[in-house]
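The structures come next, written out as structure tokens.
The following pair of complexes shares a single chain, chain A, combined with chain B in the former and chain C in the latter.
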Partner chain A sequence: MNIALGLQDFLVTRTKRSWEPEEDLFASGVVSSLFALELVVYLEKAYGVEVEGENLSIDNFRTIRRIEELVRELQAAAS
Partner chain B sequence: MSDALGSARELVSDRVGDRAGEWDRAGRLPLDLLRDLGSAGVLCAQVPVKDGGLGLSSKENGELTAHLGALCGSTRSVATSQGMAAWVITRLGSRRQRTAFLPRLTGGELAAVAFSEPEAGSDLAAMATEIRRDGDDVVVSGEKVWITVGAYADLVVVFGRFGDGAAAVVVPTAAAGVVVERVEDPLGCRAAGHATVRLDSVRVPADHLLGAAGQSLSLLVTSALTYGRVSIAWGCVGILRSCREAAASHARSRTQSGKPLAEHQLVAEHLAELLVAEQVATRMCEHASTCWDDGSPDLVIASVLAKHVAATNAARGAASAVQVLGSAGARDGHPVARAYRDAKLMEIIEGSNEICRLLLAGAA
Partner chain C sequence: MSIGVGTIHCVLPDVLVPVERLPEFEALGHDEAAFARACGIGTIAEFADAQSGALAARACRELLERDPVEPDLLMMVGPRAPDVLLGSDVCRVQSEAKLTGAFAFTVDGLGCAGSSAAWAIGRDLLLADPGRESVLITHASRPTGADRVRYPVTVIGDGAFAMTLVRGGRPVLRAHRMATDGAFHDLFEVDYKQTPWYEWSERCQSPDRYRFELAMHSKVRLRKLVAAVLADAGVAPDRVATTLMQNVTASAYDFYESLLDLSIHPLCKENLTRYGHLGAMDVVLNLDCLLASGELAEGDFVLVLNNSPVAAWAVTLWEL
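Take a look at the complex of A and B:
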């Protein structure tokens, strides 16, 4: 599954707007305090990865590009 | 019902039974009860079998929590804290930390979770507790208030500031510098061992610092509270179940003005409302637990919704039950009187009514 496309869908549903790949999701004030956890749960289910405690840095989830990298790293580590 | 859920329910029925009133009046739960329920895995029943737990789904654990909540709000509070401690270690810890700590929580040790401080209640961003590394140790300083299970706990999962971010650390209450002082005479859940926990430069090994150290406080706290909210919500379903049963049974057996209370329409209305309150709360909890079991991101807001609906319904439902029983329920020691006091507190903890509404408004 194309990670960026899936993520865009998820983000549009949650935030009711679209996002550029390098745009900071957390700087905008659009996302709620619950959003980061929703994103983590979504990534785990959608891409079959396990986000361990040490990966829970907001910097890993700051942009679509960065999230894509994280998912690829976790997928590679698991296989 | 799975075998594991069936046996856990049976153990709870057998060990708790109708003793909650006695424990509530004494303000203490028997420690051997907590150790026995703990070592049977009942207090954190979602912990996977490989870590010594019962491996229940969220829905099964919810059913168990409701059963416990119907019998004893204090023991249910202990289970909420223990389950949340296990969940925090699972969500925020490393694989190694899960293997190190979870078998202790399913082996009879008791755990509390500490966020609140004198100046940080609803506003946890005001948390002042400091967690810092010092060589091979981690040093924790601060004061935590109203910590459920604090008076019984072997371990406290303490949240605090860590550098620019936040962290959670597992602190043994036997460590030097930990002082635990009971909150005397709480309004409800009186035997749940609420305590102030003071941490004066407490030193613990660095591997007690959960893996997510340095990350956003809001993410760490939301992760923990999501479990706590689902658990409290199911506990409130239990309160509603016991209140509906007590009110219906009393209204059918007591006669006034020539007929059973239940046949007076204004009393019957209370019974109908109690049934509605219980059913609506149950459906909300089932939804949150289904989201949990399916790994749906909707879980986060569903947990707030379930907690809010179940807590407000329980507070209102318990008040109706006392009303239906009249003087028969207006006595300390009666299950509906206890439910009335316990339920009110459910509107304050794990995100008060007002905080839940603010979160729900954000999702609207």
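Take a look at the complex of A and C:
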């Protein structure tokens, strides 16, 4: 599955708006703890990765582009 | 020999103040006021001008009137701000509660999770020395300075508890796990050295880091701690009758229910709405209310989650 497209679909469903690849999710004010939990759970289920420890840094989740990079890094590390 | 609860006594005021009538409310910014209105706290418990040490001593005295024990140890869960520097709040409690035979000390630096840590330490200290019979734990909740709204966390109420851990007490402390992560040690702070106390203002270094990083670390930590506690006790998840946690915001209950696939008992939200956040007292009040409700039977298991933005996490399994 295309990670960026999947993420875009998830975010549109949850926030009712579209997102640019470099747009700061946190600057928008939509990120609550529950939303953050849903986002991480979505990543873990959709892409078979486990996000723990230092990878839970907020900077890894600031934009669609950065999240995509994180997922690719985690998939590469697991393979 | 199992270790469990002897007696729990909670002290709460008759005065409940609507959040929107707090003196600071008019001065709150847009986001802070919106948070205070929507966080699920309707009123807060207020003991005007009370000191933490006096409230904790009162809770101990009233507990000892109900249950005259001579505890071997007096453990105070440290207040948000001590009444005195250099002096000793816990020894004030010892003096005012006339606990002359107890050794007094403070558990500190763990925020709300301090009460859960005190349970575990109390149990271990009783198990370590057969000569000890009981441990008295106490804490009082008061705001750090004059302000009660802690954006984006909660709104602080006043209260105090005292409880004993004794040999053969019930509910029995069946299993406990706790963890800390020092990386969050300065996420929240009050600059108390440069300003007078009535201007003390809590500063969150990064609300986004609080809402995201700490929340996600809580996801990982609490999942593991819950699994470890149940494994330690040999108890399957479906045997847990109910789960309690600290009272921070209404949305926090949704978060943890989603996170852990556990149902948080509704009395937690009722106490949040009525009293506000009572810090390390929350889980004790919730446990006391649950026991008083009589809805659980002997042998039922109660899971208690506790955490703080320090960051510290604790999970305790009690058996009625």
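The working rule: the second predicted complex is superposed on the first by the 79 of 79 C-alpha atoms of A that agree within 3 Å, B and C clash if a C-alpha of one lies under 4 Å from a C-alpha of the other, contacts with A are read in each partner's own complex, and residues count from 1 in each chain.
The definition used in the following text is that contacts are C-beta pairs under 8 Å (C-beta built on N, C-alpha and C of every residue); 3 or more make two chains touch, one makes a residue touch a chain.
Everything numeric in this text was worked out from a predicted model, so none of it was measured.
A.B. asks: More residues of chain A in touch with chain C or with chain B?
C.D. replies: B
A.B. asks: After the superposition on A, what does A:Ile3 contact: first (chain B), second (chain C), both or neither?
C.D. replies: Touch partners of A:Ile3: none, neither chain B nor chain C.
A.B. asks: Check the residue A:Leu56 against both partner chains and state whether it touches chain B (first), chain C (second), both, or neither.
C.D. replies: It touches chain B and chain C both.
A.B. asks: Does the superposition put A:Ser32 against chain B (first), chain C (second), both, or neither?
C.D. replies: After superposing on A, A:Ser32 lies in contact with both chain B and chain C.
A.B. asks: With the two structures laid over each other on chain A, which partner does A:Ile64 touch: chain B (first), chain C (second), both, or neither?
C.D. replies: Neither partner.
A.B. asks: Taking the superposition on A as described, I'd like to know which of chain B and chain C A:Lys45 touches: first, second, both or neither.
C.D. replies: first
A.B. asks: Taking the stated contact definition, name every residue in chain A that is touched by chain B in one complex and by chain C in the other, in rising order.
C.D. replies: Overlap of chain B and chain C footprints on chain A: residues 32-34, 36-38, 40, 52-53, 56-58.
A.B. asks: What residues on chain A touch chain C, complex-wise?
C.D. replies: Going through chain A, the ones touching chain C are 26, 31-34, 36-38, 40, 51-53, 56-58, 61.
A.B. asks: Any idea which chain B residues touch chain A in the complex?
C.D. replies: Touch list, chain B to chain A: 91-95, 97, 210-212, 214-216, 218-220, 222-223, 226, 294-301, 304, 359, 362-363.
A.B. asks: Help me check something: in the complex, which residues belonging to chain C touch chain A?
C.D. replies: 206, 208-209, 211-213, 215-217, 219-220, 251-252, 254-255, 258-259
A.B. asks: Taking the touch rule as given, give the residues of chain A at its contact with chain B in the complex, in rising order.
C.D. replies: Residue list for chain A touching chain B: 10, 14, 32-34, 36-42, 44-45, 52-54, 56-58.
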